[in-house]
């Protein structure tokens, strides 16, 4: 019997550890020769910390679920093996069975380093009651930036003394502002990083334009709260009626469904030049220090876990997007979508999805962007200047990789 | 102005009363000594007067004002603690000046008072030391200094001289007494030293088990002790308390027959001579004290102590006759231990109890 | 077995010597009293013997073994601290038994000893209390109890009775003395109480400013004080030290003329009578002490104190004649203050200094 | 009642209570939200319905029973180790004079500054080399010698009156005897304080236990708690609060039991 | 006791502490410092000796300087505030206040509650609009404020949490230390007419100095150490407005995995703390009355 350890994070609410345990138990029943040891390892951030600490201590796990964007970090640490080295020719097809949008973050240099597992995109949620209240059609979300601004202006409500009691739109800007910003840049038809993860285009005029749009939402149009908007409280702001429309991960779907005290809608993000959203979430990675048997065992589990039935069950339980088109064809999934059509929005958006910003020395490079975004949003810097500084910093960090 | 009236004062610690309904008055400018055996409640009484403890019952009035619920600071008192209570982080000078600084006495006057007190107490060369670097007696003097400089209307002292040598103590006695007179302080003073009690005080309050056994001038207490306890408590060595039969033998023929009560006579009142008609005893032990010599006498199994001149020589085992003047005898009731007055000039023991 | 030899012991605190090269021997089973004014180095000497301080110079030997570098625990001593040093977190019983527990004395014996000590000290009903809930005298008794139960070969006591009343103190004196005798303890005992020094000790070591002024039996010190200092230190009230001219008047005709030295006479040796050929003085003050009365006399501007019978009555302002026996006079050198022996039986003052 | 412990005036009382209310606000909020449906997490309505669902949900999200046991074992080990190791070391620093003392003390204080979190990679390596990864001992070991404890106890021991040590020595106590019979009992309020603080810290310690443990058998409570804190899908205050109360309750109870130990004033009270 | 024996005793007493400290602090710390002289090893690229290059990089790093400035400001506010509050609290709950036990509990809660959870609760307090703070201020008609999301207020908001956390923690030690002050001193001072304040200033405070030294050293170190709430609440944002040194080190070390640079920063931070601690120690230790 082969034993393999799997680190996994919990990034959404609900009894995730129980679901994983059950998945593992089901797998064991089918593969008595493999023992998978699931090790809950905190949040995404905790998990990568734990993995790399263990790695540096010479004790890395055999495989793990880690953010897709950490791919370059793991490659640079020489921690993981590409799946091409593991799969038989017959399985090559399996590598192509995932949504292309998700694979953008899982491949580089022609090799597949991660397998999509708990993946997401950004979607917009809107409060139908608020729409109705201001005379908007509650079933029609904005589909372009201009529409969004127009809607938001109507939705923003002020009390007698001029204090805002409801904002029209909210795009969170704490934690990983770059991710939400990437939606804006994508819509403005610009890609932030090359596929090799060695170059970024923060100072592209279209990027600056996207940022200026975000800043203008609060400064010029006054339909978006000023300053930094907390990611963690945004859903609550929505439930509280403090905002009429919000952008957040599709992973929040279950949360919104249970907690919103009003009818709500879910839609693809609006478009400017084009539509689109970055993908997000975690991939499976297999680590180098695993023995060949362990690698095969891990691979067996990954394959099993991403097979249509499992992927569908996982998606229904968590709100993540099932990672293969096949999964959406299963009966369970069809039934679920029929019951709850909003669940399909994120998938539908995959057609226009792009890779989440990911480069070598990823955290530093994204921090450069985050800092620039926050500087602009808090009014400390002009968008152009902020992006110029961010570009300079990113270039400095990426120089060794070019 | 600073008369102290203690009325029915009671303090109970977990059900056991330490002070049990005592009342006394200390007139303004008077020097009262609190006397009594260890644990009888002297310090507690002082602390109640100072306001450091809240009484279980009773009141304290100072200068005609009921201060029972007032804070110590409002009572206008100075105090020497039995435990000294020196501030360990302050130098001797700072300890002494603490109260003056607190009260905002001007610097020049402070320095002046400090200088005077330090001189009186022989602390001048120690002013910069911390208490930890002082001898026991020096610490006690610092505590004394703190009370002296205060010039308070009421001064409470709890055995302020117990750790000083005889000579220094004598000087301090004189110093305290004259200070008290000069400033017209009302003083309540706890001591174990009989000489202090007798020489310094205007009044003595003798306590026993939280109650007052007797109060009066020192001479009253010494000459007419109200009870066997009072009789034995004042005077070193203490008064001899003898069974009727033995005591009567000291003044042959003068006393009618009687039973029950006891007869007291002070050691210094006993006269030794050759065996005669009166009491005969053998010398059981001899203690030479320098100025005096104490003889322990054995009169048919009853022990009594006689104080004689320091140079008078007796031998252990010697048989002597013991006598005294009829007026030197004290009578105490058998049951209550209270004093019974000899009626008339004669020494006939009254069968009927006197005061009590 | 437990002889204590102190040799040239010196302790300097920041350059000022507290103990300055003292040497004395306390034979096994002997009771030595350390006497001296406040701050003269008594406690320091005791602490050096106990090993609580390291001497700057000199050695301490106990039972023939040099223990100067040994820890206190190795010296086999018990000690009563001047500050009591009770463990505040332990009850009275636990405080007393502390050392026995440390030394692993069996429980039954511990209980036995505790019971005995508590009874002796009158602490039986206080055994469960913490020190904070005790009166001053009770605390001191606990400290005493701790030393008593130890049954150590050497016992050091620093003013162990200073906070007890006269009566209790007398009992304790007897108790300590008999215990010391019974167990053959070697005792070094610091006290300010003259009576303790005189009655309890086999030897007295009188200290002054860190040095030994005089040592000997109590009677030697009282009867033949080696200096004016020693003469005045022992005895209450202290010896009168008079200028030659005045002192000579006390024994008219007996003394040759002389200058310079001083003449000492103890207050209890002065005899008062009607004014006569000798010294004439007026009564300046009267202090009634109960057993005695102290008269302050003024002989042409020189003050002297006389102790008289407690019942003798004089009046302030009265003129009296003062005299004494020639043998009661003590002579001291003017310059050194040391004793000068009167030669022969007569009382001629020798012009040439005696000893020293 | 002695003057020393008379009640203070009304203004001080009110001030102290206002400060107390301010300080307890987060806990009060946690209690409010934990017992109400999440819709009331931000609305304070006296008539809001009460519920235990948050607790049920929190309890089911992780094996809290087992975690509680692990935490208790870890905390006990840390505390016992700290008391022993720190007491001995503090005693040496407070009462002995030896060459190199200041240097050594400075080195100890350094641990106060070197945040253990910064050293986790190195410490993980050490634990791995010792074969202790994923054991309860590994969680406790790095914290047993605490500069904080040594410093604290040294400061306390330095204020113990010298006479008491001397009395004990005369009574025949060895060095350790003095420590055990005089210093430790006299420092009791400080030991209680340190104990409470140390227990609280390790009860809530997260990163190191997360890194060095891999299994349910060794995980402490905080790892379970972390399931709810800032998940990427937003904060659910109701469940976080319920879980927080669940994990912190034993500490709150312990504090209420032990806080009385702070009023046992006795240092110096007995010597004269 | 001879010097030799004293030294042997002392060494034995210190042995367990020294071994543990060395194993889990000093040796790893030294290895970390040495790491600061090399590049960060990554995967197949081994570490290369670069001498002081990492320090040079640090001098040019604007985020480092920003974190430094933030931290100085943060320390300048949290240290005095938390120490003074701690003392005030200790005095309050040492006295016979009604409900003293409950009050102690209240002050102590920050120590008991896990930071990961409690930081989220603070997040609620600071939430614009319906957050507790804004709800209360709203009663006075004040507009909503983005406490954590604005550069002007974020650092203060974070400081408030730190003070909340630290004051109750230090209070415990002051409370315990207050018990070592003999009652009779308070009595003596009362007799002398000293007000509570005078007694506090002239007696309590000096006698609490050993604890104050302890608390101060810890407060200084704490001001550079306590970053859990930053991790949860602001992650150093907005735009590094709440980045503190240790948080920045944490980010470099465990998010960027640039261990060499993190070691460099650690060394600098340690040097700062060592100097601060030593200054306090040398300055205060001599002025402290210990018994």
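Worth a mention:
As written, the chains take the letters A, B, C, D and E, and residue 1 is the first residue of each chain.
We take it that a residue touches a chain if its C-beta (ideal position, glycine included) is under 8 Å from a C-beta of that chain, and two chains touch if they have at least 3 such contacts.
Since the structure is predicted, the reported quantities are computational estimates derived from the model, not experimental observations.
Under the contact definition, subunit B and subunit D share the contacting chains C, E.
When every chain is reduced to the mean of its C-alpha atoms, the one closest to the centre of the whole protein set is D.
Among the inter-chain contacts, the highest number of C-beta pairs connects D-E.
Chain centres here are Cα averages; for subunit C and subunit D they lie 56 Å apart. One finds 38 Å separating the Cα centroids of subunit A and subunit D. Each chain gets one centre point, the mean of its Cα atoms, and the points for subunit A and subunit C are 93 Å apart.
Residues of subunit D in contact with two or more other chains: 2-3, 41-42, 121, 161-162, 226, 228, 230, 235, 237, 266-269, 272.
Each of the following residues of subunit C touches two or more other chains: 71, 83, 132, 136.
The multi-chain contact residues of subunit A, meaning those touching 2 or more other chains, are 49, 232-233, 236, 240. The touching residues of subunit A, counted against subunit D in their complex, run 5, 10-18, 37, 39-44, 46, 49-50, 53-54, 56-59, 231-236, 239-240, 248-249, 251-252, 255, 259, 261, 319.
Chain contact summary for the complex, subunit D toward subunit A: residues 38-39, 41-42, 60-62, 120-121, 124-125, 127-128, 133, 207, 210-211, 214-215, 223, 226-228, 230-237, 239. By the touch rule above, subunit D contacts subunit E in their complex via residues 2-8, 12-13, 15-17, 19-21, 23-27, 29-30, 41-43, 84-86, 88-89, 91-93, 96-99, 101, 104, 106-119, 121-123, 126, 141-142, 144-145, 147-148, 150-152, 155-156, 158-162, 175, 189-190, 192-193, 196-197, 200-201, 203-204, 206, 222, 225-226, 228-230, 235, 237, 240-241, 243-244, 247-248, 251-252, 255-256, 259-260, 262-269. If you check the complex, the residues on subunit E that touch subunit B are 182, 184-185, 187-195, 198, 202-203, 206-207, 289, 291. Those residues of subunit B whose C-beta lies close enough to touch subunit E in the complex are 47, 50-52, 71-73, 77-79, 81, 83, 85-90, 98-99, 101-103, 130, 132, 146, 150.
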